[in-house]
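Below are two complexes that have chain A in common, paired first with chain B and then with chain C.
What follows is the complex of A and B.
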């Protein structure tokens, strides 16, 4: 089952890439695959929600020697999120609006991307995680080039360079860890590293944290991201904003047991998170290009997640997971709104937008729900996300962080109002004319419904996140499941 | 052996970072390659610089030979970094074919100098493209 989740999108992507069917067939196949993925991911969530861990060891090698895929509650939550976002992106990519060529290029590449992401969420092996990161990155470089303009080339280059360096640091940290312990299996590492020399351990883990922090785009490692997302073909930006930074967040969550061996690193994460939250939102507030504004917002929101993660304890990790889920949905829907606004107004610049072109009604409603959820107004998902982060900060008695996050929250609301003021609000209009304001909610409507559902079922989802967090900190079930992947028996140790 | 390797790692990393500071894409690509190789040496060092290849015959201890697993890691990393370097160079070629210089420059903010017609073409997926960059 775990193998299907990983291999199905890869093979489907390969098929679409080589066969190059016409655009309708391609879209149907892509939607079908994402449907299957959503169902299997939901099944996986249901299987693992009781604390069971699904494991699959490859090639007859017993972990920690062989590579194993392992899905616990944390992994399956992210996999379900990715499957949902993939389906929504495919729905949002429409021939009439985005052109045939964009769709034909985007379908196989997005499937490759998904395969890499799901592999990354599943793998229990640090080196395998590196390979999955690269699979994700290479697909993302190609996706960035889809518009084929000079602008998209300029946007893709910083991503390639920065991520290459981050991957190199990841690899260096991994090499040091292997040198210390002789293992790259995550379950094994968490046991072996306890007795490792603390200084060397700190260097190795710091390299990993910097690498994952770059992928998650936290200040001061974030500046490649706002440069690139605005150049993507529009609905793909929704997919990227929703999930790409979350791979970094997921990796940090996965190695949290290792990070927490070194209190200095957790401290660094807390302050990097707090700084991201504030710097990101201030940068966002000064932008007039809608998608750039939203990208800076991602930096800010990831700051909340990383700060919660740094606080540790089940409360902090649960808050990080819940906030990550909420932020993916909300940010994706805001990017879809941005796509509509840009196409209707034929500009990227908020100042040139016109409320008559934008139209009101459903689009405004969708934007309103997403924006208020991002700002954290009850009863939307953002309120519960922020509440859980604030609670974690309060329990950890980290009042400075709490203050930073509260101020950032206020500016978030301000920047959403800025979009509203320029794009939706009525202004004195000098010229008259007929405007086409028909809007079919489609994918965006679906996403906004998901936000509302997450808001109203915040209780159960938070309980799930809390269970996942406790399990992640305890780690005994995960270790046991991974080591017994090939049946009961003594575990060979080097 | 180890001090020599440490020096090599240091030199490659330094050269790589220096080259990375340039705007020219060619130099950046070379810099990335240097950084990649410096990290490969770190990986290899994780598996001891033994005198013998990792083929264990009778009467030998496992600690007498180098550890083969980091070598496999390094091999994978070399392949990946080669692919990325190639991709970066291909991008540089496309860039210069379009009359631009192969340099790292930021994408223009807001609309840049695009007209609203060309923007609406681009948003509907009918913007100008270059077939050589697919």
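What follows is the complex of A and C.
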């Protein structure tokens, strides 16, 4: 099953690219594949929710020598999220709006991206995680190049350069870890690093944190991100915004829980997170282009996640996981709203948008739900996300951080109101019949429903996140499952 | 860019570069080398080829789009991922045979099949990326 989750999207992507079917068939196949992924991911969540860990070792080599995929509650939550977002992206990519060529290229590439992301969430091996990071980077670079113009080349340059540097740091940290312990298996590392020389250990983990922090786009490593969105087709931008930073977040969560970072490092994470939350939202407030505004917002929201993560303890990690799930859904739906607004107004500039072209009705409702959820108003998912982060900060008696985050969420509300004011509620009031009323919610409607569902089932989801965090901090079940991957045979082949 | 010197040098270097790729591929299993580097050196050969002779002639003599080569490599990787499952073993399992030739012995692995896939994917992928970049820069500068 783990193999299917990883290999099916890659295989389907290859076949789609090779066979070049017409757009309709391609769209149908893509939707079918994402449906299968959603079902298998849901199954995986159900399997792992009781603390069980599913393991698959490649090539008959037992870990720690062989590479193993290991899925626990943490990985399967992210995998389900990715499968859902992929399906929604495919639904939102329409021939009439985005053009045949874009669709034909986007389908296989988004499938490759998914394969890389799911592989990253699944793998129990740090070097394999590096490979998955590269797979994700390459497919996202190709997705950025779909327009094939000089502008898209220039736009993607900072993304690729910064990410390559981060990858190099990752590799350096990995080399140090391997030198110390002779292993790159996460479960094995979590045991062996306890006795490692503390200074070397600190340097290696710091390199990993910087690399993952860059991927997650936290201040001061975030400046590549807002540059990456302008040339993407909007549903793809929604996919990027929802999930791209989450692989970095996932990796941070995993190593912080399993290997437990030094106090200095987690302190650094807390303050980097707090700074991101504030700097990101201030930068967002100053923007008038909706997509740029939203992408600066991502920096701010990832700040909450990373700050919670740095607080550590089951409470902090659970808050980080819950907030990550909430943020992906909300940010993707806001990008889809931005797409609709841009098309109706034929401009990206909020100042030039006109209420009469934007129309009210369903689109405004969808935006309202997503925006208020982002701002953290009850009973939407954002309220519970922020509540859990604040609670973690309160329990850790980190009151300065609490204050920082509270101020940042005030500004979040302000920036959402800014979009509302410019795009939906500007005077003069329109006459009857001037509304732009044709709007089929489709993918956006589904996403907003998911946000509502997450809001109303916040209790069970939070419990799930808390269990996942506890299991990971304990780590014994994870280690046991990985080391017993193959019941028979010696440890490693001769 | 047409240069007599570059073209003649390329003619000299190309066969060796391909030979080197093959050597790296076969040696690679238990010595430095392997599919990835082999693919890299193939890609370098390809890039050298089209810088010297121009994209048009490169495409004509290759007869197949580099992009397709990369995809074929991907398919081979996928097949070698799934094939052991059919035989009831863990994915990516491998076996090996030793061939004794008069001068040297040659170890052949089923992993070689996987590595060939890697060679094609890496070589073809890099080559097609380089072609695409080359084309974009040409068409948008206006000087062909």
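Here, the second predicted complex is superposed on the first by the 472 of 494 C-alpha atoms of A that agree within 3 Å, B and C clash if a C-alpha of one lies under 4 Å from a C-alpha of the other, contacts with A are read in each partner's own complex, and residues count from 1 in each chain.
Here, contacts are C-beta pairs under 8 Å (C-beta built on N, C-alpha and C of every residue); 3 or more make two chains touch, one makes a residue touch a chain.
In this text the structure is predicted, and so the values were computed from the model without any measurement.
Touch criterion met: A:158 reaches chain B, while chain C stays clear of it. By the document's definition of touching, of the two partners only chain C reaches A:59; chain B does not. Using the contact criterion defined above for the overlaid structures, shared-chain residue A:98 touches chain B, although it does not reach chain C. Of the two partner chains placed around the shared chain by superposition, neither chain B nor chain C is touched by A:452.
In the superposed model, A:413 makes contact with neither chain B nor chain C. Look at A:347: by the touch rule set out above, it reaches chain B but stays clear of chain C.
Between chain B and chain C, B contacts the larger number of chain A residues.
Once the two complexes are laid over each other on the shared chain, residue contacts for A:148 go to chain B and to chain C alike.
In the superposed pair of complexes, A:227 makes contact with chain B only, with no contact to chain C. Touching of chain A by both chain B and chain C, each in its own complex, is seen for residues 145, 148-150, 153. On the side of chain A, the complex with chain C involves touching residues 3, 7, 10-11, 14, 17-18, 56-60, 145, 148-150, 153, 486.
Note for the complex: chain C touches chain A at residues 68, 71-72, 74-75, 78, 81-82, 84-85, 89-94, 132-133, 136, 140.
Interface residues of chain B, counted against chain A in their complex, comprise 20, 25, 28, 32, 35-36, 38-39, 42-43, 45-47, 67, 69-70, 73, 76-77, 80-81, 83-84, 87-88, 91, 94-95, 98, 100, 104-112, 116-117, 119-120, 122-130, 133-134. By the touch criterion stated above, chain A contacts chain B in their complex at residues 97-103, 105, 127, 130-131, 134, 138, 141, 145, 147-158, 160-161, 164-165, 167-169, 171-172, 174-176, 178-179, 182, 227, 230-231, 233-234, 288-289, 292, 339, 342-343, 346-349, 352.
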